[in-house]
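Would you mind keeping the following structure in view while I ask a few things?
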Amino acid sequence: RDLTIFAAASLKEPLDQLLQTQPGVTATYGGSGTLARQVMAGAPADLVFLAHPDWMQAMDKAGVLTPGTVTDLLGNQIVIVAPAGTPDLALTPDAFAAALGPDGRLAIGLTASVPAGIYGAESLTALGLWDTVKDHLAEVDSVRAALALTARGEAPLALVYRTDARVEPAVTIVATLPEDSHTPILYQAATVGPANPETTALLDLLKSPAGQAAFEQAGFIPLASH
Amino acid sequence: MIDVAVTKRLGDFTLDAAFTAPAGVTAIFGRSGSGKSSLINGIAGLLPLDAGHVRVGGTDLTRLPVHKRRIGYVFQDARLFPHMSVLQNLTYGGSHDRGAVIDMLGLDDLLDRRPASLSGGERSRVAIGRALMMRPQLLLMDEPLAALDAPRKAEVLHYLERLCSTARIPIIYVSHAMSEVARLATTLVLLDAGRVTRAGPLDDILSDPAAVPLIGVREAGAVLTGTVRGLNTADGLTEVALSAGRLILPGRLGSPGARIRLRIPAQDVILSTAKPAGLSALNVLRCQIAAIEIGQGPGVAVSLVSGTDRLLARITRRSAALMGLAVGQEVHAILKATAMAPQDIGGSA
Amino acid sequence: MIDVAVTKRLGDFTLDAAFTAPAGVTAIFGRSGSGKSSLINGIAGLLPLDAGHVRVGGTDLTRLPVHKRRIGYVFQDARLFPHMSVLQNLTYGGSHDRGAVIDMLGLDDLLDRRPASLSGGERSRVAIGRALMMRPQLLLMDEPLAALDAPRKAEVLHYLERLCSTARIPIIYVSHAMSEVARLATTLVLLDAGRVTRAGPLDDILSDPAAVPLIGVREAGAVLTGTVRGLNTADGLTEVALSAGRLILPGRLGSPGARIRLRIPAQDVILSTAKPAGLSALNVLRCQIAAIEIGQGPGVAVSLVSGTDRLLARITRRSAALMGLAVGQEVHAILKATAMAPQDIGGSA
Amino acid sequence: MSLDAAAWAAVALSLRVALVATLLGLPLAIAVAWLLARKQFWGRGLLNGLVHLPLVLPPVVTGYLLLLAFGTQGPIGGFLRDTFGITLAFRWTGAVLAAAIMAFPLTVRAIRLGFEAVPPGLEDAAATLGASRARVFLTVTLPLIAPAVLAGAVLGFAKSLGEFGATITFVAAIPGQTQTIPSAIYALLQVPGQDGAVVSLVVISIVLAMGTLALAEWLSRRMTARIAG
Amino acid sequence: MSLDAAAWAAVALSLRVALVATLLGLPLAIAVAWLLARKQFWGRGLLNGLVHLPLVLPPVVTGYLLLLAFGTQGPIGGFLRDTFGITLAFRWTGAVLAAAIMAFPLTVRAIRLGFEAVPPGLEDAAATLGASRARVFLTVTLPLIAPAVLAGAVLGFAKSLGEFGATITFVAAIPGQTQTIPSAIYALLQVPGQDGAVVSLVVISIVLAMGTLALAEWLSRRMTARIAG
C-alpha cells in the first residue's frame, strides 16, 4: 500500500531526499494550518509532520491522530539575515534601528500565523526589540517570501529559519536569536488514524538515526533519540 | 378569413386596431408611424398585446407562441442570420418551392454568400425567399419591395399573386406604394395614428371619391375585373371584356376566358364629351357620371359608371367647368393602353 | 463639378465606374446589386479603393480621411446612434437649418426619443435630417426615400431641390424610382454590373428612344424646362410657357418668370392626328414626329419635336399602324394636366 | 529542461484538469449566463453574487468552503460518495471542481456579454420561421455568441491552469494525483536552490497559455471571417 | 462583529486598493482591448499572451516577478523612485499595482468583447458626419461599449478585492498599509480557533461584492434602458 505524508513545506528538501529510499511513500507539502485542516477534513494522510505544535494539538483533540503518537522530531533556530556582505548585528534596539534605517523593513512570516513569525515575535519581544521593529515589519505568508525580500534587497533584514538562510547565497546570517527567547521550535510528527504497523514503521524511520541525520544535514536540530 | 384586434400602448403611441378580412391579400396602408409594423408584430406574436385576438381561418392563434403560429414574416429590415449562408437562410424554415423561389428572386449566384456581403436589394430578396420557403398559413410582408428595382418588383408581385391564388395563402401586405397594393390586394385597411379609419374591399375604397383624401390624390382609382377575350400575337395586345365595353391592353394577360384585375388610376382617365377620333389611345368607354366630388385643390374627382363597372377620373376643376360636366351626363372615358403596364394589371382575383 | 473614378474588387464582383457630373443632382440608377452603394461608399472614403480618384469642385479628396471630406451620407440602412436621442443624432454633425429640417421631416415630436423605438420611416427621416444638418459640400443619398410615404416623400424632394438650387450643394442620389430621379436630377449615371453604361444630362437620356431599354419602359419620358406665365388663383392652375405652346398645370408652381422642370413620362402622352375637342385634358401641343423606334413588345417609342423641346410618347404598335404615323408627320400630343402631379414637377434647374 | 518526473506529471495533470474543468464548466456557464442576461427572477441578484464569489474571496477560503461542502465529511461530498461512489476531495476530480469554480465567474461574464450583444430581432425572426425555443437557441443564439463562448473558455482555461489557492486547499498537492503546475511551483519555491526548476515550470505555463491563446485567436478569426462573408 | 481595529483597517484598505486599481487600470485596459480587437500588428499575439499571464501563473510567481521589476532594486522600480520619487514596495500603491495587474486580463477580455460587438457601420457614419477618430471613439464607440466596460470594471474590482498571493508576495501584509482583507483572512486561517473572525471577514467580503454587483447591475440596466428608448 502507498503511504502519504503531509508535511510542512519547509521540510521538503530533506524529506524528499530521505523518501528516495522508500518507494511507495509520497510527501505532500503545504502550510501547516492548511495541512492540519485537510487532515481533519479526511485527507488521505498516513502521517503528518508539522512545523508548530498548535495544529498538532488541534488534530489530536479532534481525534484524527493515532493516540499517543505525537513525537518531537526536530528543532530549528531562528536567525536574522541581511544581504550578503553585511556585518553582524547586535541584538540591541539601537543596532536594529540603525540597520533598518528610517523606512527599512524586517521581513518576517505572518506574526499571527506563520510559525516562524510566531516564534520571531515572541523572541523579539523577550529581547526588548519589539517596540523598535513593530512598525517596520513586512509580514509575508511564508518564510521563503521573507527570505526573497532580503535576498532582493527590498528589506534590509529578514527573520527566517537557519535552515532557509544557509542555502541562499544572496544573504548572510547577521544574528541568531537565543533559543531561550522563545518557546522551543518543535517539528512534531504523528500517525493518522488507528494504529497500523506500516505507518508506525514510517514514523520510526523519521525517528531513526538515518532519518535524523538527513534532517541534520539540512540544518535542523535532531531531537528524537532512541 | 382573418380576424384581428390589437390593443397596445407604446410610449405615447396607442395602437388600437381591429379588422376582419377574407382570404386573399389584405393591404395595410398608412403614413409612416401610423402603426403598421406594430400591428403586424402583434399578429405574429412578437409584440405582447395589452388586449386583442388573432384568428386565421377559424383557428385562434392568440395564445400560441410565435413559432407555433406558422406565420411567415418578411421584416422591414431583412433580419438575415449573419452566420449562415444565403442558402441556409433560405431553407431555415423549410424548402417549399425551393427552385422556383430561387429562380424568381434571382438568388442562384448568391447561395454560398454570407449576408454581410449582400447589397440592400439582395438582402431583401433573401428575406422574401426565406419567408416563402416555409410555406406559412399566413404571410406578413412589411414593405418587402421597397429596396427592389422595377423589373424584380414586377416578378415578385407576379409570384405573390400566384401564391395567393393557387396556394391560397392569405397575405397581409404593408406598403406605401398604392400601385403594389392595388395590384395585389383584395382588402384594404387604412391605418391612421394607430386606428383603422377605413377597411373593406379594395375596389370599393379606391373607387370611392370620398376616400380620395385618405388615400392620396395620385393613388385613387378604380379596380375592375374583366375577362380575357383574345390575344393578338402579331402586335402583342390582349382584348379584355368589361361589363360594357372592351379594352385593348399590352402583353399576354392570360388565355381566353381568364378573369383578370385591372387598376385604372383616376389620374390616367381623360374624359371627352364628343366621341374621340384619330387618337393613339385604343380604349374608349362610354360612361355615365355618377358623382362629382370637388376637393380642396385644383382637382375634381368624377365617379363614372360603365355597365356594372365603376371608374374614377380625376380632372381639373377648370376642365369640368369648360366641359359643363354634370351628374347623369354621358361621357367618353379615354384610357391609354400602354398606361396599364404589367405592374398595374393583376391576375385573376 | 464632380469627377469620380472608382475601381474595386469585392469577391466575384468588380466595380469599375467613372463619371463626371456638373453641380446639381446626379442620379445613380441601376438594378439591385449593380454596385450603386459600393460606388458611393468609395466616394465617401468608406471603401478603400484599388484605384481611382474622387474630386469635388476642383478639390482632390482621394487621399483625405473620411471625416475630412465633408461628404454627407444618408445610408441605405439608417445607421442612427442607438445611445443618443433623436435630437442628439440630428445635431451630431452640425445644426444648420435645424428648425427647417425638423419641420420638413416632421421630427418635432420625436426629438427626445431613442432610435430603437422609432418606426422604419421615422428612422430614415432622422437619418436624412442628420446628413442635412451637417451642411456638407457633397451629399450622398442611398435610396433615402424608400421608407417614406408619398406626402412626406414629396416634401423631402421639394426641400432637396431647394437645397440644391439655393445652397448649391451637389447631391449624388441613388434610387430605383425614376419619378424621384427625374424630378431632381440634372445628370443621370446608369450602372450595370459595376460599369457605367450611360452617363450624361438627364433630359438627353430620358428622351432618347434608344435608352428606353436601359431605363425601363415605364420610366422613359422627356424632361422639359418651361417658364411660369401666370397663376389662376380661382382654380389653382398655373400656366407654363414652353418653346412652342403652353401647358396648364395644377398647383402653384412659382411666381411669373420662374423657370421650372417638367417631367412628361412617355406613357402619359396620347397622340392624335386630328385636333382634339371636348376633352378634359387641357394640354395639347402641336409636334412633329422626329423618330419612331419599334421595340420588342407591343409598344412603339415616338420621338417628337415641339419648337425646341423634345417629347417622347409610348403608344401601341397597333395604334401607330391605325393612325399611319410616319417620321415628319404633324400630330397633336395630349397631356393630362392632373397627370403631372406635384411629385413630377421640379423647381428651376 | 531540468525537470523530474513529478514535475512532468504536474504539467500533464494541469492540462487535464484545465481541459476537463473548462469543458464541464462551459454548459453550466452558458446556462447561468443566459439566465443572468435574459431572465428576471427572484434570486437573480443572489445568483449573480454567488457566481462572482470565488473571485472576491481569497482562493484559500474558496478551497476551505469546498472542503467543508465536498469533503468526505461534508454534506454534498458525503451524498456524492454514498449515492454515486464519487469522491472529489484529494482527487484530481476535486482539482477539476476547484478550477471550474474559480474559472466560473470569468467564463460566465464573457458569455453573458455575448448574450447581451445578440441583435434582438434575429431570434424573433427564427421563431416566425417555426423554430422552437431550443432550435432558436442552438441554431441562432449559440452560433452568434460563439466568439464570446470561446473567449470565456479561454479565460477559464487560463485561470484553471493558474489556479493555486483553492486547489491546494481543497485537494492538497499530492504528486501525480493533485499536484498541478502551480502547486509544483509553490513546493519548489519552498526549497532553496530550485530556481531553475521554477523557471522551467513557469516557462511551460507560459508556453501552454500562449499556445491556447493562439489557437483561440485563430478559431475566433475563422468565426468572424465566416460571418463577414 | 468580533473584529479588531486592524481587521477594519484591512477592510478600508481593500476597498481603497480595489477602487484605485480598477479606476487606474481601466484606461489602459480599454486601450489594450482596442488594440487587440481592432488592430493587426507585429507582436499582437505577444501582447495578448502578456495580458493573460497573471491569470496563468500562480499568483505567488506574479508577485515575485513584480518584486523583480518594481521593487526598489528592480529596473522599473528604481526608475520610478529616481525619476518621480514613487515607491511601490511595501506601500498601498504597490498593492494597487498587484491588484491591477491580476485584474487586467479579466477587464481587458470583457472590454474587448465589447469592441467586437460594436455594429460596424456606426463609426463610419460618425466619420462621414465630420467626427475625428478621437471624437468617434469618445462619442460613439465608448458609449456603445459602456456595458462591457462596466462588466470589465466589476470583474476587475471583484478580483482586486479577492487578490491575495501576488499582493502579499510583492508588498507583504503591513497592517493599515498593505494588509487587505484576504491577507487578514489568510493569517486568521493559519491559527487554530480563529474561525469566528474569519467568518466575519468573509461575510464582509461577500457584502462588499454583492453591493458592487447590485450597483453595477443597476447602472447596466440604466444604460440598456437608455438605448432601448
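Should a chain be cited, it is by its letter among A, B, C, D and E, assigned in written order, with residues numbered from 1 in that chain.
FYI, contacts are C-beta pairs under 8 Å (C-beta built on N, C-alpha and C of every residue); 3 or more make two chains touch, one makes a residue touch a chain.
In UniProt terms, the chains line up like this: B, C = Molybdate transport system ATP-binding protein; D, E = Molybdenum transport system permease.
Keep in mind the model is a prediction, meaning the values are calculated, not measured.
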Exercise for review: Please identify each chain that touches subunit C as well as subunit E.
Suggested key: none
Revision key, fill the gap. Cα centroid separation, subunit A vs subunit B, in Å, comes to 91
**Study point:** Centre-of-Cα separation between subunit C and subunit B, whole angstrom
**Key:** 25
Check your understanding: Could you state the distance in Å from the CA-based centre of subunit D to that of subunit E?
Key -> 20
Study note, to complete from the structure: Expected list for subunit D, residues touching two or more other chains, is 60, 64, 186, 189, 229
Check your understanding: Tell me, which residues of subunit A touch at least two other chains?
Key -> 34, 37
Revision key, fill the gap. Where subunit B touches two or more other chains at once, the residues are 11, 77, 113, 117
Study note, to complete from the structure: Chain pairs satisfying touch are A-D, A-E, B-C, B-D, C-E, D-E
Study note, to complete from the structure: So, in the complex, the side of subunit B touching subunit D is made of residues 44, 46, 65-73, 75, 77, 79, 81-83, 92-94, 113-117, 130-131, 134
Study note, to complete from the structure: Residue positions on subunit A within touch of subunit D in the complex are 4, 6, 9-10, 12-13, 26-30, 34-35, 37-38, 41-44, 142, 144, 164, 166-168
Revision key, fill the gap. The answer for subunit E against subunit C in the complex is residues 121-122, 124-133, 136, 139-140, 143-144, 146, 223, 226-229
**Study point:** Interfacial residue positions of subunit D with respect to subunit A in the complex
**Key:** 60, 64, 67-68, 71-74, 89-90, 168-169, 172-176, 179, 186-187, 189-193
**Study point:** Contact set on subunit A toward subunit E in their complex
**Key:** 31-34, 36-37, 54-55, 57-58, 105, 107, 110, 112-114, 137-141, 145, 148-149, 152-155
